[in-house]
Structure formats: C-alpha cells, structure tokens
C-alpha cells in the first residue's frame, strides 16, 4: 500500500511560462506536504461542449514544455491523447498517457497508447459500470503493456449531472487489479450545465476527495489554477492554487489513516 | 462539532432476550471504542417487498423491551413509526422517532411525530434531492418541534440500485440546519433485488461509512446482528456483531481527523 | 383488448361546484370522443413538497360531492387515500381507491384498501422497478381482492426529474397480470423542482401519452383544469380543459391502431 | 412532415454476399411496405466491450460492397466512422456518415465528417441531455455542412442499463432543428451486461419503436439479421429479418397517424 500520489495542474496548458509557474508552485507545495506529484495539463481540449470554445496550444507547442517541466523540476508528467497518431510523439516525452473518459472503449486508441510502453491512465466513461473497466484494462495489457491505471470521474446521473459512487473505487481495484485514481475535479463537473459550456461545483472537490481517500485510493487527480475563473476550461471546478496546500495536508492525513501508514 | 454518534441494533426486534443481548453487547463495544450509542430496532416492517415476509413483534410487545433497554442499560432508543396513531404511544417510551424514507413527505405523520416532543429523525426518500429535505425538516419545526435530524440512505440509481452521493451530506447539513446521519446499512441495499426480497452488499458498509465520516457527519447508522444470515430482514446488508468493534474504531479515528478533535 | 379508458379530473377537489362543472364538461367531451371516463380528484394532498402548501377540502366534504358526481352524471369515480382509516368510508362511495406512489409498499394500507372490495389502483413508486410491482399487486390479491390496477408515473432519474420508461408498460402488464394505466400528468412532474413546490412540463403530456397508448395500455390518467395556472396543486403539469378533446381524439385513434380495433 | 424513413441492416458487415443478401431482402420488404430505406452496416466495431471481440471486415473491404449495394439496388448507404482519416475515403462512397455515440463530442471528427459534404448523422451520447445536442449539431454546421441528423439511442440509467426518454425526441427536434432518428436497436442494449459483451432486449425493439413513431420522428434505425443469434455483434438486440415486414407495416401506420398523412 503505497502513500497517496497526486496528479495536478491546470486543465489546459496555456503557455510555457504559465505551465512552469504552476508546476514550480505545485512542486514546492507537494514537497512541503510530502506527497508525490505528477504534473498534468492538456494540450488540446478535443471534446468541448461547444465548437466555439478554445482548444489549447496544441501538441507541437506543448511537448517541449512538458520536457522542460520534467527536466527542470524533475517531475513526471501526464497528458491526455485523443487520436492514435498522437500516441507515439506524446509517448516520447510524457510519462503517463491518459485516455479521456469518452474514449475509454476505443480499442485502437488504447492499443496505440499501450504500444508506447508508457503507463496508460484510462478514465472510466460516464456511461460505464465500475466492473466494466476490467475489459478496458485488459485491452491495454493484451497489447503487451502491464502499466495501466484507472480513474473514477463520476457516472451519469440524470441530465447534466454526475454522481460519484464510492463503491466504484474498491470494485475497480479488485476487478482491474490496477491502481485507482479518484478525479475530484471532473466528478464535480455539471456536463453541459451552462448551455454552451460545462458547469462545476468547486466547493465539493474537497468533500469528494476526502471521501475517496478515506475509502483508499492510489492517487487523487485535482486540477488547479492560480485564477480558475479566468481559466480557458473547467474553471468552475478547478481549485485555486493557494488552497491546494491545506487540502493536500488533509488528504495526506486521511490517507495515512486509511492505509495504516503510521 | 460533536464527536460521531452511532445508531445501531438489529433491523427488526426479534424478542426481548435477543434485544437485550444485542444492546448489551453493543453497549460494551461502544464503551470500549468511546462512541455514543442510540439503540435501534423496528417493531414492525410495514413496507416489505412482499406481503408474505415477516413483519415483526409489533408495537405492544416492543415498547416494554425498549423501556427495559433504556432502564437497564441507560441507552437512548430509536424506532420507526408508520402511522399517525403510533406516534403518541411510541413517543412515551422511545427517545427518537424515525420516519421511514418512503414516508418522508407525509405531512400528517411528520406533524404527529413532531407533536410528541421527541426528536424526529427523517430518512431522506430514495426519490428526493438532498436540498428537498429542507422542506421536510421545516414541516417538523413548523409543528413546534426544533428537534429534527435527517438521514441519508441512498438515492435511486436505475433499477434495484441505490447510490450514495457524498455531496448530499454537506448539502443537507447546510439546507436543513439539522444534524446529518449516514445510514450505511440501507445505502447498500439492493431494493427488490432478490425478487421477493431486497438484496444487499454488506461488504460496502465500511466503505461508505468511512467515506461519510471523512466528509463529516453527526452520526452513522449501522444495523448489526449476531448472525445476519438468519435475520428476518435486511440480513444481506447487516454487519455481523463481531465485526462492529473494529469498524467503529476506524470510524472514530476518521471522525477525529475530520473534525480536528485531537 | 378493451378500448382505452380515461381517468381525469382536477388534481385537487376545490369545491362542489367546481367538481360538478369539470365533471360535466369532461363527460360531454368523452361522450363525443367515445372514451370511457372515470372522474378523479383528491380530497387531501397529504405529501406536499412544503408543509405550507394547501391540502384540500378533506374527506368529509369530498365524499358527498363524489356521490353527487356518480349519481347525477353516472360516472365512476376514483380518489387517493393515505391512511388505513380512510379506506372504509371512502370505499363506501368511490369506485376505485388509489394508492399514492410513495405509499405503494405500505402493506397495511394496501390490505385495508383491498378489504373494501373496491378496485385498487396502485401507482408505481418513483423508486421501484416495473417488475417490483408484481409483489405489490400480490399484496392486494392476497387480501382477497382480485381487482387491482397498476399505474406508471415515472421513475427517479437524477435529482428533481422523472423519466418514463415505456418498457415498464408491457413489463408491468406481464408481471402483474393487471390492467396498466399511464399517468401522463405526474410523469412530467419535476418533483421539488421549484423549491417549495414541484414543477412540471405540461407540454410533454401529449408526447408521453401518445407514446404510451401506441405501446398499448388499458388507460391513461390525465389531470385537467379549466385554468391550470390557478390550480392549488400540480398546475404546471395539468392540461387545460379546453385542450382535452383534441388530445383525447388523437389518443383514441392511436389506441384503435395499437389494439387493432378497426 | 415527410413520411418515416428507415435505416436498417446488419450491425456489422460480414461479407459481400451477406450484405447483398440482406440489402436485397430489405429492399423488397420496404418496397412492399412503402417506406424509404437507407442501408446500414459497420465495417469496424471500434469500441467493443472486450478487446477479444471480432472487429469487422475493415474499411478497404467494405467500401466496394457499399458501392455495389448502391449501384445494384439503388439504395443510399450509411456507415459509422471512428477516426478523422476515415472520413474522406468513406465519404467518397457512402451517403451518410454516422458519428458513434461515444464520439459525439469529438470536435475534429465532427468537422472532418462535415467536410466530406455528406450528410452527418450524430448519435446522442449516453451521457448527454437532449438539449446538449444543439451544440453538437452546431459543430457540424459551423464546419460548413447543413446536412446534419441526430439520433436518440438511450441515456445511461444506473449501471449496464439505458432508458429511452421520449421527451428527448421533440426536444432534439426543436433545439437542433435537425431530423431526429430513433435507434430502437441500441436503445434496448444492456451495455456490458454480459460481462465481456453487451446484452440486449430484442423484445422491446417494437415497443420503443412504436412509442417513438407515435411521438413523431423523421426515421427509425433498426438493425436486423437473418439469424441474430449467430451475428458477430449486437445479436441480442437485432430483430430477425423475417419479422421486419410486420414491424414496419405497423410503424408506417403509426407514422401516418402521427403526421396526419391520410
């Protein structure tokens, strides 16, 4: 039972300077709190609610920034890919390839991600039962890659709402045999809830994160931003950067208790 | 922020001897663990899945047993009532009257329970949003009784399944202003899931109870039985009595951490 | 396969004159359209969202009005009961006793209704699967009354929303062996959706009613009012009386097609 | 208000001979019934529950078969695409490009499909509200292609279950302004319900199709197969070919009534 890990960063990569600023701040915070950090950002928001929403800086601009974050700060990095052709170039730089929830059953994408040899983190579709992820994890492993992780991010509950079933965490751990991450950011999303963008309930991030850590997870996924209300995506559900240290301190204490880590 | 309280006992009262045996055992356990106990049992299972299921020993036989549990063990007791006429006689003995989830919107029953002057614990209907409980709590208070508690016990999620939305706990606390209890037993019920009776997933009681306590609740509700598989009702989701001490020890530790109680 | 029947009337009985006015108008409409009518109204709204909502004129005032509707207009009447003690007096006058959805598993209420010898119409709880109604219907029959009907009125779907699963209609017909009614009024309710009262989507009543009749049902339940926006309850989902004739004409045509009735 | 159209064919293309056999049979049936036919088959099942399930004959083998169906039988054809690179070659042959439900928010795929100039039929994600499809349709139109259709195929309802909300049909028609298709085959799917494959409830295809046609739709989508239980995918929810004529005859009658088409 390893201590809790953290996947964090701004939802979308905005610029080199912004990425380094947030990564540096997060590294300092997590060093103080004593929790391992994987830096996350997206280079492309490929499935926005509306076609008019901003997309991101793109793969070519983002890869050197990920490389710089790794080299200068010594942090592992994770990003999400959306097409088969992105897997190889992204896999040359980032440590973990993330499969978006909507795409978690696209066999060819899972196989292409697996074939990079990098760890693959698959988000559970909002339309899947937790036990359905066993078949998903198997697609990665059968492609020759044992390095698969699975992430809970809420399940459809009526319209424009998700609910987090805490039973999903042990069920996924048992049925997939993979480390389970709880994504506290997207679990509080209200998909499509603002008409041409998704709403969110930032105030419930700590609530659900505490619950998940108490149940026992390998890691938590929490998007953060220096000024969420100005962020290009997922602003309503990102945690302000200055609140992260207190939140993580609490989560680490719950994790120690949950795992009996003295 | 008061320490976590426990509402516990066998789902249905089976006999005087059985009730005293379980209450005595629970008192010893909770004294060792250091958690306050309210003893719970039902005298009538008024809404069984099937009309052929057993109902319980009835109000007349149960009241003297509740009185004896109170007197001999010094424990407060709670039971659920189903009809207006039961409120007054039950209110003469038990400390907390519980309104079943299906009946949580029956105004006259809420008022009759309120008029006993006893604390009223209303279970949230499986068909209600957490914020809907504000109107329910108001019905009790407007009847002149400020002593209302509310209990989360899962919300309908597809057919024959409930899901526990941990956001409901702070939402109910804020919108009702009442102490919030998490019922870990009925939240893992699979209503009607076994054809002519309800199924259950006992293994998830500790999972959901830990999550709820980490979020922060006034109390947990956990039905227990020396031999759940022989119990007349809710056997599949009751926790074996011999597992209670370990479970409660964990929950008390999580509660102290959640509430910053040293 | 009998032709489609209609259960209709204003949600709450407002006064003798109002009841007779609506019943007379409905009788004229249904005579022209050629559909059998059962007149419905409630004498008490016992489970309002808020305790401050109006309740209705009460059992004593309502029974003579039901008797007058029967005698003067020759219409069978239906009303809902909420307590065991109401069954006998109501059963002396009305032709069909209706069990509200929240109360559909209260064994004693089902038995008391059954023992009147009147037909019992049980609404399916918003928290039940369609196959769960087999046990409910059995409770009525085991009390010695073969005259049981079951009514679909939507199932919980997230918060403050119901969804109508059209598969429920044949499933209930097959598993209960009872006539199946589709309640198009409460299926479009948004429970608690307006804070201290329920919202509704009147515009979907014809949509869901057409769907249900095309699938094949014994009857439809449609609340109507001369001026729904001034009605004391369920205004947002009642159909204006002046729109009923066109709606019923369409439904009768769909019913003939669905049942091959020339 | 145009008469009802039909999209039909076997879920997966199995071989040239099989495709021509089924297309020929369907053409004869639909000619007799008097309903327009678009022939559907998939060349690749790209998101199977399990990675070990069969995938299909592939794009290269399928395109000449689609061309032959068009030429010999004069039928328009539709198939689903999963990657941007498939859009152009598929668009050279087939008349309608279909976007799978899981992929309905992938902006680049929608744009690539739109840019073929072919009609684009987007299935509504199991995780979307009906009004969310307005943004999806806008993505196609903003790419310069006014030819967009939207298809209802059920929404997540608990685990491993979908429910068809008939209100979604008029809501999508109004909010997207596009023709609305009801997919009666996938609406009765039980996703992942058989462990390593999806279950289905073929018996409810006529039930839901009748309901949808009575509400009013531009078309129905019904997968069919000469021997569904031997089909490589979606067998449990495909309608046997020999039952199609009776089903379509009924649906056409309901459509005429629904649209007042004499």
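As written, the chain order gives the labels A, B, C and D, with residue 1 at the start of each chain.
Here, contacts are C-beta pairs under 8 Å (C-beta built on N, C-alpha and C of every residue); 3 or more make two chains touch, one makes a residue touch a chain.
A quick note: this is a predicted structure, and the numbers were derived from the prediction, not measured.
Peer 1: Please identify which of C-D, A-D or A-B repeats the interface of B-C; the criterion is that more than half of the contact pairs agree.
Peer 2: So the equivalent interface, with over half the same contact pairs, is A-D.
Peer 1: When the contacting C-beta pairs are counted for B-D and for A-D, which pair yields the higher total?
Peer 2: Counting C-beta pairs in contact for B-D and A-D gives the edge to A-D.
Peer 1: Using mean Cα positions as chain centres, tell me which chain lies farthest from subunit B.
Peer 2: D
Peer 1: Any idea how many Å lie between the Cα centroids of subunit C and subunit D?
Peer 2: 37
Peer 1: Could you work out how far the Cα centre of subunit B sits from that of subunit D, in whole Å?
Peer 2: So the centre of subunit B lies 48 Å away from the centre of subunit D.
Peer 1: For subunit A and subunit D, what's the span in angstrom between their mean Cα positions?
Peer 2: It comes to 33 Å between the two C-alpha centres.
Peer 1: In subunit A, what residues contact two or more other chains?
Peer 2: Touching at least two other chains: 155, 157, 159.
Peer 1: Line, ring, star, complete or other: which describes how these chains touch one another?
Peer 2: Shape of the chain contacts: complete, all pairs touching.
Peer 1: Which bits of subunit D are touching subunit C when the two form their complex?
Peer 2: 157, 163-167, 169-170, 188, 201, 204, 207-208, 210-215, 253-254, 257-258
Peer 1: Given the complex with subunit A, which residues does subunit D contribute to the contact?
Peer 2: My answer: residues 46-52, 55, 82-84, 102-103, 105-108, 110-111, 125-132, 135, 138-139, 142-143, 155-156, 159-160, 191-192, 196.
Peer 1: Subunit D touches which residues of subunit B in the complex?
Peer 2: Counting only subunit B, the residues touching subunit D are 157-159, 161.
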